[in-house]
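These notes concern the structure reproduced below.
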Amino acid sequence: MTLLSTRGLSKRFAGLHAVENVDFDLPQGQVRALIGPNGAGKTTFVSLLCGRIAPTQGTVIFDGRDISRLPAHKRINLGMAYTFQITSVFANLTVTENVALAARRRLRGMAMVQATEQALAQVGLEGRLDQNAGDLSYGHQRLLEIAMGLVQHPRLLILDEPTQGLADSEIEGFMALIRSLAGHTTILLVEHNMSVVMQAADQITVLNFGQILAQGSPDEIRADRAVQAAYLGTG
Amino acid sequence: MEIGPYLMLASLEGAVTAAVLALTAVGLSLVFGVMRVVNVAHGEFFMLGAVLAWWITSLIGGHPALGFAVALLVVPVLVGLLAAAADMTVLKRVAYDPERTIVATIGILYILQQVTLMTYGADARPVEPPFNTRLALPWVEFVGGKLQLYWPWGLSTTSYKLAVIGAAAGVLLGVWWGMTRTKVGLLMRATQMDRDMALAFGIPVERVYALVFGLGAGLAAMAAVLIVPIQQAHYLMGGDPLLLSFIVVIIGGLGSLPGTVVAAILIGLSDGIISVFFSPTLAKILATLLVALVLVFRPQGLFGVRRA
Amino acid sequence: MSDRAKTVLLHGGLLALLFALQFMLPAYHHGNLARVMVLASYAIGFNVLFGYTGLLSLGHAMFFAAGMYGMGLAVQVFDAAPALALVAGAGAGLVVSGVVGMLALRTAGVAFMIVTLMFAQAGYLTILYFGSYTRGDEGFVIQQAQRILWGIDLSDPTNRYFAAFALFASCLLITLWLVRAPFGKVLIAIRENEERAMMLGYDVFAHKLAAVIVSGTIAAMAGAVYGLLFGYVGASFASVQYSIFPLLWVLLGGAGTILGPFIGTLFMFYLIDLSSGITTAYMLVAGVALVALTLFAPQGLAGAVRKRIWRGLP
């Protein structure tokens, strides 16, 4: 069953085609990686999905429902969660309160407290509950972002460059986390780190100049001439 | 009087208002455009201009034109220096944060106003105009199918009022020339476009800011010197020019100088004409509501172009 | 001691102290404190929007005046009983803040400040324009006979003190509960990072609108009670100055703290009271305080306590 799809999705900024006529389908339960050279339109594309920016043209369908006109907060309430590429935590609030804010939309009371603690434990931040989020190291802030996504128990988790700035050991932990979610949470992963992509993703979509260049399993993508050309800049 | 001459008189009075308003509002607009901050104390710099003009003219004595000429030259500079000092001691230290700047300039507003009350007092005092010839104005009428000039009773203006309009126009042209044709103007425009880029290119942004803030206040002070022979100096006179300048700057499109001038002429003229037909309070209510609604529904101003 | 116990002790202690002071203060300060408590309630309302939601309104006098005139005109024109008049005042605040919120919240930052300032100015001028009912700048007096609420004469100093205390205590407890409830935590989240709050699925506009309405209605209630307790309704309470006052009080006491509005109002009230004995230019104090606070102590007094002594101060 398809959880998310787009038809003819386009976004132009003052004449620049950031995303152009993208037809995209994401089946339920899949871990999909979205890759492409810098400026290929990856972040714009996921921002269109979750409603941070409005499309110039095209439709977004989530769980069989056209959500193209819904404001962002309503899309999130349908079961999407989004983690920001540029870390965007509540810097002056504690680590716990950051995650609790994400949990409280769905849960109250003890259930909320437990879900918060569990999500923080999942990303390995259980020792820093009362610190201000702004005092965390960059890598820990990235993990906090992920915890804020996890605690929402989303049907679709959109992770925009989650491993950027993480240490190798933290990336290991992140991979384990993705594996533990695989099957019941659909994940759309924008990622630069190719070893993460190749290991974690079931399927890969390659974006170039705002258009879909290729799509397939990690092995297929690795063998694709057009993808190699795009990455080497000779296409 | 018939309606025709009446309207002409109202437009002339309106033109004087518009001229002074344009100067004051361009000062506010300049500060907002280049520094991206709102100076709530702008009206108090206007008030200071009027009060200092009274002080200088009464100090000098002799022919009224002498004291007035000195005031016109010295007062804007004094007020501008004071404003630049306020910029360097207060605004710079809140890093031109838009919201904290508003709070700080509200504080400056009360300080200037209340210090004036303590020193100058609560009286309204007049300044004698340097020259003030009454000029009767003609109007046309049909007599026996032919157009004929006549001089309706009460339709007149003064040479001084016409001079105010001329002087304001001259100063505005000067500002425009300074902004577009001089090096200082270039630095200002560069800072306005991109502060960080300007810094990177070695433009002394902080000095440009102090200059712009001083220039903005100086324009308001000059407007006040021009109007004070018509209006009298009073420590609470800053409220109306502040409000009207806000209206003009917002309707003209924030930070756009030509838009500001057009809006000042529009508001000044219509203020004169509307108050012929409506109560001034009602006119003010409608004007403030208009501004609020323009900001809500057309934040780029009535004449501005929406930015991408 | 747990955070909860400390919170109860601190705020309960202040209320107990204010209650007890009724029996100890000399008449002059007794009357002043009643006034301070009503004005502090106004500041508490302002703080919900400014301190907790991060929206700086420069037009709160229109809400205060909506309450005051809603109450006053109900008494003066329709001869309403005080209880009903207070409801009319709060209702007026609710409606005005709802409408102003719907419009002004389409803007943000500096534009929001100017829009609220303009609406308040239009409100002030409207009061002057309808001078035949409002008596304009001069205002009107609410007679002693019209100030008897449920058989209690509110012009009597003791009754007045208790009425002011009741208003202040309820505003304080309501906001204390509000900012610790999930709703209040979302407001804080919006203040800290609006886009993130939106991307966690919160309807930012609806929360902001609710904050404007809560804030405006508390301010209106304070205005209505002020008019009733001190027997006077006048246009000066709708002027810009009365929009600046709550900002000054809250900045001084500490924005985004429950006790800040009271501390700031108390300090500034006595500062202005003392200086108006010396000079007519007493607003100079307000000007100097505003500049000094923005420069040196943007967190205010209670904010400094939160930073240095107890981080959990609500």
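Brief remarks on what is shown
Order as written gives the chain letters A, B and C; numbering starts at 1 within each chain.
Quick note on the criterion: contacts are C-beta pairs under 8 Å (C-beta built on N, C-alpha and C of every residue); 3 or more make two chains touch, one makes a residue touch a chain.
These numbers were taken from a predicted model, which means no experiment stands behind them.
Of all the chains, the one whose CA centre sits at the greatest distance from that of chain C is A.
The interface with the greater count of contacting C-beta pairs, when A-C is set against B-C, is B-C. Centre-to-centre, using mean CA coordinates, chain A is 53 Å away from chain B. Averaged C-alpha coordinates put the centre of chain A at 44 Å from the centre of chain C.
The geometric centre of chain B is 34 Å away from that of chain C, both derived from CA atoms.
Under the contact definition stated at the top, not a single residue of chain A touches 2 or more other chains. Interface residues of chain B, counted against chain C in their complex, comprise 38, 90, 93-94, 98-100, 102-104, 106-115, 117-118, 122, 239, 243, 246, 250, 279, 281-282, 284-285, 288-289, 291-293, 295-297, 299. For chain A in complex with chain C, the residues that touch the partner chain are 50, 52, 71-74, 76-77, 82, 84, 88-93, 97, 100-102, 104-105, 108, 148, 152. Of all the residues in chain C, the ones that touch chain B in their complex are 56, 58, 103-104, 106-107, 109-111, 113-115, 118-119, 121-122, 125-126, 128-129, 240, 244, 247, 251, 279-284, 286-295, 298. Contact residues on chain C toward chain A in their complex (touch as defined above): 182, 185-186, 188-189, 192-193, 195-204.
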